[in-house]
Structures are given as C-alpha cells and as structure tokens.
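Single-structure report; data block below.
We call the chains A, B, C and D, going by the order they appear; numbering starts again at 1 in every chain.
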Amino acid sequence: MQIAIVGAGECSPEEYEAAETAGYLIAGNHETLVCGGLGGVMEAACRGAKEAGGTTVGILPGTGGENPYLDVVIRSNLGHARNALVVGSADAVIAIGGKFGTLSEIALALKMKKAVFGVGTWKIEGVFPCATPEEAVLMAVRASRLSR
Amino acid sequence: MQIAIVGAGECSPEEYEAAETAGYLIAGNHETLVCGGLGGVMEAACRGAKEAGGTTVGILPGTGGENPYLDVVIRSNLGHARNALVVGSADAVIAIGGKFGTLSEIALALKMKKAVFGVGTWKIEGVFPCATPEEAVLMAVRASRLSR
Amino acid sequence: MQIAIVGAGECSPEEYEAAETAGYLIAGNHETLVCGGLGGVMEAACRGAKEAGGTTVGILPGTGGENPYLDVVIRSNLGHARNALVVGSADAVIAIGGKFGTLSEIALALKMKKAVFGVGTWKIEGVFPCATPEEAVLMAVRASRLSR
Amino acid sequence: MQIAIVGAGECSPEEYEAAETAGYLIAGNHETLVCGGLGGVMEAACRGAKEAGGTTVGILPGTGGENPYLDVVIRSNLGHARNALVVGSADAVIAIGGKFGTLSEIALALKMKKAVFGVGTWKIEGVFPCATPEEAVLMAVRASRLSR
C-alpha cells in the first residue's frame, strides 16, 4: 500500500511536526510514503518515515531540489502536472496545511475517488477532517487497505 | 490572448447557458477560447465561441470524446494531469459551476498566479466571484491583457 | 485534420526552407499545423503556414520561448514529455532533419500507429522517406484524411 | 543511484533472460531499478532485482497492469508520455530488445544526455552496444556513479 502526504514546501513548525509524526506512523504501519519530494511538509514526512525505517518516494515537479530523506526519486519534470501523479499513485491521501498546490492535490484526489484525510488543511466537502496526525494515519491506513 | 473556461462535463441548463454566453463574448473580444474539450460547460463555451466566429481549443484528457465545436484538438492522453495544461495555457481563467475537477483547475490556476473569475463555482479565496458571465468575461479580458 | 511537423530547434538553411515549404502546403491544403512551438524547423513550418493563411499550434515544453508565428500556444510545462502530445495530436507526422528529440517524436508517433513521412531525417523502419517537402505533404494529407 | 531498464512488454525468452540477469546485477550493485512497470522485459528485470533483494520501481502508463515484482508503483496515467519519466528518473539506461516504445525511450534518454547501453536493441549513434547484460550493468553502474 502507498499513502501520500501532501502539503506545502514551506510550512510552520507545527505542520512540520505533524507531517513528521504522520510519516513515522505510515512507515510503522509498513506502508510506503509517497510525496512531492521537496521541502516543508514533504521533507518532514520523509524524515519521519525514515526514522521508522520505512520507504519514501518523491515525485519531483522538476529534476532536482529533492529532500535528503528519499529512497526513490521520480524526476518528473512535469511542473504542477506532477500533482496528479502524487495522488494518483496513492491508496489514500493525507493533507497537512497547505495552500493552492495542496488544494489542487486534494481536488485531484477526490476527482479520482481517493480517500482524503486533512490535518489543519482546506475544508472541502469530501475531505475527512482529523484532529491529529495519529488519527489521520489510522484512518488512511484503514482506507488504503479497503481500497484494494 | 487565450482565456480558459473550466467547468464540469455534465452541467445544469443554467450553467450551459452561462458558459455559452461566456464563450460568445470571449470570441467577440477576439480572444481564443481554451478548454478541456469535452461536453457540458466545455461544449457550451465552444459552441458560444463558434457562434461569434472565434477560435476554440480543446485539451482532451484522453484521445477522443471531443465536442463538435473545436477548431484545435490536443489529444493529450495525460488523464487528469491535463488540467494543468488547460489553465497553464490561459492568460485568465473563468470557472463556471463544477465539482472536484474544476476545483483542481481553480487551484492549479491560482498556484500559477493566473487571474481566476468564478460564476456560481467554488468559493475559494483568490477567485473573484462574478454575478454573470458578462462580468466574468469583461474582467478576464482585462486581466489577460494586463498579464503580458 | 491536424498535421505535425517535427524537427530541431536549430537547423540548417536547407531544413528551414523545407519546413517553410511544408508548412505553406499544409495550410494550402486547409489542414492545421501542429508543432513543438519553438525555433528552427518549428518556426519555419509556422512561418510557411501563416504565409498561406493557415492555423498554427505550438505545444511548448515550457511556458515560453514560442516562435512569433503561432495562433494557439499550449504552455505545457511538461519538458520532453510534451513530445508525446505533439505527435499524439496529429493525424499524420512529417519529420524534417532533427536529432534525438526528433527521433523520440518519430518513435512515439510510430508507437501510436501514426503515419510518419521523413525529409532528410532518421532512417527508421516505418518512416516513409520523401525526397521533397512537397511529396511529404502530399502523402501526409492523404494519410491524415484516411486516418479518420 | 537509479538505473532504468527499458524494453518491450512482450519479448523473446532470450530477452527475458537478459533482462532478469541485468535486474539481478543492478540490485547486486545496490542500485535501484526503475522501469515502465509492465510485463516482458520490465517484468523480467524486476524479477531479477527482487531475487537479489533489490528495490524496484515501475512507472505505469496507466493506473494498472503492473507486474508482481514491484516495490513502488507510480500510477502515472500519462500514456506514452510516461516514457520521459522512466528515463528522466534514471542515472543510466539499459535498453534490451524493444520496438518503437523502446526507441522513444532511447531517444529521450540521449536527448537528456543520459548514458545509454544497449543489449540487442536499436543501433543508434550514442547508444553503447554491449554483448551481454553483465557488460551493460557494469558500464551502467559506472556511468551512474560518474553522473552525480
């Protein structure tokens, strides 16, 4: 199973911590973390996943700029179109904070009928709001296992 | 100048009429209409633009299913990733109605710092809400001319 | 019908002239010219098509750098992946000169079972070699009309 | 380091064996295998890599059809445009057999200035021909380590 964490390349310390916790727990549940491969929420999630010995995948919009916690780097060079690949490759999606890029990933995920869980992110009908990263991962893991 | 109209492939009669009017006025302003090339709001916009003798461009998600009012057909075969091309090719964007696909186009457009005007669509900070398609086209034409 | 001309962004005077002639004849046959939107062979083809009053479409790899003879500009921002869109949007393909980018477009076109006509380009089984741009356009127009 | 093996989804027993050997050796060299994720040469390479305990990544053209030897699955849904991602994500490329799809990957890799090694594949200037998969992997590993 693959779970995506989406969020901004620049984020608050609280968002960074939430993403790190989420990444840690995804790895602890033996699921692979997929993200956009850059900094901020993406880096934090990868860092957390690596602390728990997990596998991390980053789908970059360009060909560089990856964070140092990636096992697999997809150098898509697709620009913002790569957002569709991040969520399209996931069995469930967790959104943490974020602005317009994150909103596009939430919308693309919902369009693809993926389960989306939010932590302090856009309030969009269809996104299940979670109070903590722990809750978001618990639900995303369940959803990902039901999705196949 | 190229103006994109985004909206759902299935729409209400009111949305169809609004999109047809918007397409007509874009062509009347001698601007090229860009859209996703399918039915519903996309078809209505193209139909309106052709009634006014304009040029219409459809960027399909697959290789077929285009509406009959297209001058240029881009058979992208990129799936939902094509949404980034529709708004990326526009100097201004008008969103009419729509669900998650439209929301992704709005978000991608805002991420790319394009001006976005909405008619009965998602209320997202950064989208300028318009009461009528006439108002939306008036503002989108102005924005597109300021953008270059 | 849409015919693509593919070739390098830098080309010899002979290739430029061949592409300009091919673009002129495509427009004279009332078909739309699709290309990668940049300089060299792409620019020459568009220039020829505009001299004959035709319609030109450029699918850029980035968001800028377009030649001045384009009616419709698709700012794909997909990098080299845009090559698949150029040939995927064509009912027949003409290759003039070119290096590895052109070879990728020839290969992608053949993979998509498009008819490909070559003028002084890669000798690949499946590409029909033509002695002149006139011959290439004559055959591409026929092939494009048979393809639908 | 990531090495791509490209080749057809249907292949001869000799090609299958060569790809399996190449995949095995890539994993033995502690490099990650990237491929198009489908059957034939892609499956064989992944199978070999997993026999050696390596990591395998498949970038699918659609959203399904992956072979059973993949650790990471990128569901690109980009059609043939995904070929650019397979080679774009690699530090070196090995082509085994193959037809037009493989030719497009060779050409895209050369366009991106990646080192390309061929085993019984297209004879294209710029591709280094290798007699065996062992030789191809030896050279690709060296090239990938020099590339960063």
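Everything that follows uses one rule, which is that a contact is a pair of C-beta atoms (placed from the backbone, for glycine too) under 8 Å apart; a residue touches a chain by one contact, two chains touch by 3 or more.
By chain, with names taken from UniProt: A, B, C, D = TIGR00725 family protein.
These numbers were taken from a predicted model, which means no experiment stands behind them.
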| item | value |
| --- | --- |
| From the options C-D, B-C or A-C, the pair that copies A-D, where over half of the contact pairs coincide | B-C |
| More contacts between chains, A-B or B-D | A-B |
| Distance from chain B to chain A - Cα centre to Cα centre, in angstrom | 29 |
| Centroid spacing, where centroids are CA-atom means, of chain B and chain D in whole angstrom | 40 |
| Sequence positions of chain A contacting 2 or more other chains | 77-81, 84-85, 88 |
| Touching residues on chain D, where the partner in the complex is chain A | 2, 32, 55, 57, 59, 63, 71-78, 84-85, 88-89 |
| Chain A-touching residues of chain C, taken from the complex the two chains share | 77-81 |
| For the chain D and chain C complex, residues of the former touching the latter | 78-85, 88, 99-101, 103-104, 106-108, 110-112, 124, 126 |
